[in-house]
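Naming follows writing order (A, B and C), and every chain is counted from residue 1.
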C-alpha cells in the first residue's frame, strides 16, 4: 500500500522491512481464539483466524476441542453441526468425527475412511482465555503461553473480559498499543491527560519483548482511576506497554497517591491483556482482559472501569479503521514518516515481518 | 478453490476433472428463465443468466420475446423501457426495436441503422415454465426441451411453482439434488426420516441421464406426505433423482400404503422439476415446479406440500451457501473426499465439466 | 468493458480512442470540490476526488485550505482532526501542520521534521463554488477557471446550488449532458417535451469547447418554466449544451414568448453549471448551480425550479447508474453503436481520452 522511501537522517523513517497489511501471518504463536464463557456445552462455536475457519466445542469433560470448520467431505461447516458426546456429527450427511478429528462413521457405508480426517489444533485454556495454535504442532508442545498469569481467574485479581472486531490489520493495532504518545490526543475524552504526550519515556528492546515505559508524575488521574482509588490530588501514573508475542501485548499501569508521605504509598495495579488475533488481512479479533488489585470485590467498579477502558479502545478502533481505509483507498503514492517516539513500534514491525518471513522459510 | 489431491483407493475421491465454481457455463442447453406468470402484458422483465442480462416481454399475441437487456446504442437496460405493441422502445433515447431485435426507428434521424440490432434468444414456453437458449441458435432448433411434461399445465397433475436465488454455484446444487443420503440429516426437521440414509440405493449412469434410486420400505412417512394421503402406518417411499441436463434435475417420489393388501396398493406420485439456471459464478436462479397425482383439487394440500418442500429447499440453500462461503474464504489448502454414495454426483460433475470444455472447443 | 469494433459506414460508431471508465483521470484541470457553505469555520471537511482523499478548512481570514487528508506520520485522516487558528492538529498524535502543509510541532519531541509535510493543493473560491487543482501546481497558476461567472454570487442572477453522488464514471455524465436528444424520453415526466428529440440541432466543435444547440419553436414549455414566466401559449426554447473542461459543462436555456409581437419579445435565461468531479473510476461528485435572470427575487420560484431540475438529474442518474451496471456486470462481448446526434459526445470522449493520455506523457 504505502510506498516507503528513504528520508533524511533527522527522523527515523519507514522503509522496506516493516510489517504492514501485506505481511504474511505468523502461524507459530498462541492466539486467544475466544473467551471461556463463549463455549457452552453442546454448542459448537465458529471463529476465523489467520484466514482459516475454525470450530470449537467442549467434550463431556469440559476440555476444549478445536478443528477446522469444514467437513472434509463437502466443506459443510462443522459449526452448524451437532455435538454428540465427545464427537461432532456433520449436519449435511451425518459423518461423525471424534475429538482427534478422525472419522468414526459414515451413515451410508460400513467403513469409516481413514483419509476422511478433520485437521485439529492444539488448545490451552487459562480461563477466561482460550488459546489456539494453528502452526507447527511440534512447536506448540514446546512453546509456553505468553505471560499474563495475572489475567487468569486463578490469580485472584478482579477481572473483566471483552472482545471487539477491528476492521484493520493486526500490525497496526500492535503498533498503536506500544505507542503511549497518542493518549493526550486520541484519548483526551477518556483516559488521556494533556501532560501525557510530553512525559519522559524509555524504550527497552529485549529478545522476548519490547517495552515502552512512561512516567507521568505529578499528574491528576482521569476520573476512571481517581474515583475508585479516591485519589483526587497529585498522583503518579507509570505506564508500561509490553509487546510479548503476535497474540499478546500488555498495558500495565501503576498508580500512586503522591499526597501521602513517601513511606505510606501503595502501588495500585491495573493491567490489560491485549489479545490480538488476526482474522484475515483486514480484520482483527480483539479480546481484552482487564485486571486490577484494588477495590477487587466491587462489581460496580469493575463495570465502570471496563466501560471506560473499552470507550478508549473504541477510539483506537476509530483511528485504526480510518487509517486502514486511507491506506486501502488512497490511490496516490504515499510515504509514511516516523518520529522519535515511534522507535519501539518500528522495531516491533520489523520483528513481526522477520518472524513471518522466517516461518515461510 | 479446493485443492484436489489423489487419495488412497479405499474411497472415491475428488480430483481434477470435476466441475466446480471455476468451470465455464454450458450455453447450449435449455434453462428456465422465469415462470409464465411473471411476464405480464406490457411489462418487460429483467433476468440475468450465464453472466448475461436478458429482458423478456410478451407480444400482443402473448408470445414471449427474449433479448439482451442492453440497448446497442448506450447500454441502457431495455427492461427499464416501454413496450409499444410488439416493439420495445429504449427509455433513454427512444430507439425502437422489433421482437426480432432489429432497429425500427431512431427519433433523431431518418434511417434506422441495420447495425443497431439487439441480440435475441430462442424461447419456448411450456407453462408454467419459460425456457431460454443462450448458446448456438442452430442447436436450439434441433434440441428438445428436457423431459418434464408432467410439470406442465397441459398434463393435468396438481402443480405449484416457486423460485429462489441461491448464493452458490449451480454445480453444487446439482450434486446436492442427486444425493439422497443427506435427507436424514440436513432435512431431519422437514421431509427426512432417520432410516433414509442407510436405505439401499442404486446408481444408473446413462448417456442422457444419471439416476439414483433409493427405496425406503417399510418406513413411516413424514406428516407432509402422510396427512394428505392418510397413510399413518407402514409405507413404501421410493425416491428417484434424475439429472437430465444442466437446466433440469427431477426428484420423483412414489408412495405406497403397505398396510393395504398387496393387490390393492396404488402408486401415489409426487415429483419436483428442479430447474437450475446459473446466474453467474456465485449465484443460481432456482425455479421449481411441484406436481402430484393425488388429492389433486385441494388448494390447501397444494399449499401445505409446497410450503413443506420449500422449507427443505431453504435447508439446502443454507448448506450450499455456507459451503460456498467456506470454499470462497478459507485460505488454507483443502482436499475434498468423496464417499461411496457420491458416485452419481461425481459422475455428474465430471460430465458437466466435459460438456463445458467441449463447448469451448 | 465494451468491446469496440468497426461498424459499416452508415452510422458513426464507437471505436478505440473514446474515453470510458478505464481512461485515466485528467489532473491538470479545475474541479469543484465542494460548495462554499459546506466549509464552516473550525470544521474540516473530507472529500475524495481523482482517487485522492482531501481535507478542506478555512483559516481565520476565511481562505480555504486544501491538503491531502492523510497525516504523513501514520495516515490518520486530518478531516477527523482539530483546527486551531490557521493550523490543523492531527487527532491521533497531535502533530501540527500550517496551512502550507509544513509540520510546526510534534508533541513528543523538540524538532518539527521538515520531511513531515502534508501535500497541499491550489484552491480558488468563486462562491458558491470552491475549485481545486490536483495536478501540476505550475499549470494551476496559469490556468483560468472554466467560464461560468453567471453562476457566482457576484453576478447577481438568482442562484441555487446542490450536489449528488453518481455511481458511474464521469465520462458518461459528460456525454449525457452534451446530448439533448434524450429529453423527450428519459425526461418526459420532468422537463422534456415530445417535440424535443426531432428538433433541428447544430454541433460546433471548437478548440476550447464543444457546443450543441437545439431550437424547439414553436413549442409548449413544461410547467417548470411556463408557470414562473406565465408563458402558456407558443414559446421558443433554445438550448445550448457546452462542454468547457473536465470539470464544467454548461446547460443554457433561452426562452421566448412567441405570442408577443416580435419586437416585444425578451430573452429569458436559465443556465446550469454542471460541475463534474470524478471521485474514482466508478463515482462522480456532481455539483450544480442553477442561475436565472427572471423572477429573481422569489424564493418559492427558486425552490420550484431547483426541485424540478434536480428531479431530471435524478432521472439521468438512474440511467447512468444502470448503464454503468450493465457495462460492469454483463459478461458477454458488446459493441456500442452511435447515431448521428452522438457526434458531439463522441468528439468529447475522444478529447477526454487524448488529454488524459497526453498528461501521462
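Throughout what follows, contacts are C-beta pairs under 8 Å (C-beta built on N, C-alpha and C of every residue); 3 or more make two chains touch, one makes a residue touch a chain.
Protein names from UniProt, one per chain: A, B, C = Aromatic ring-hydroxylating dioxygenase subunit alpha.
Owing to the predicted nature of the structure, the values given are computational and were not obtained by experimental measurement.
If you lay the C-alpha trace of chain A over that of chain C, the rotation comes to 120 degrees, to the nearest 5. The two sequence copies chain A and chain B touch through a face in which the numbers common to both fall below half of the numbers used overall.
Taking the mean of the C-alpha atoms as each chain's centre, chain A and chain B sit 47 Å apart. With touch defined as above, chain B holds no residue shared between interfaces to two or more other chains.
Considering their complex, residues 2, 7-8, 10-11, 13, 175, 179, 181-182, 184-186, 197-198, 318-319, 322-323, 325-327, 329-332, 334-341 of chain C touch chain B.
Per the touch definition, chain C reaches chain A in the complex via residues 48, 50-53, 68-70, 72-77, 80, 89-95, 106-109, 111, 113-116, 280.
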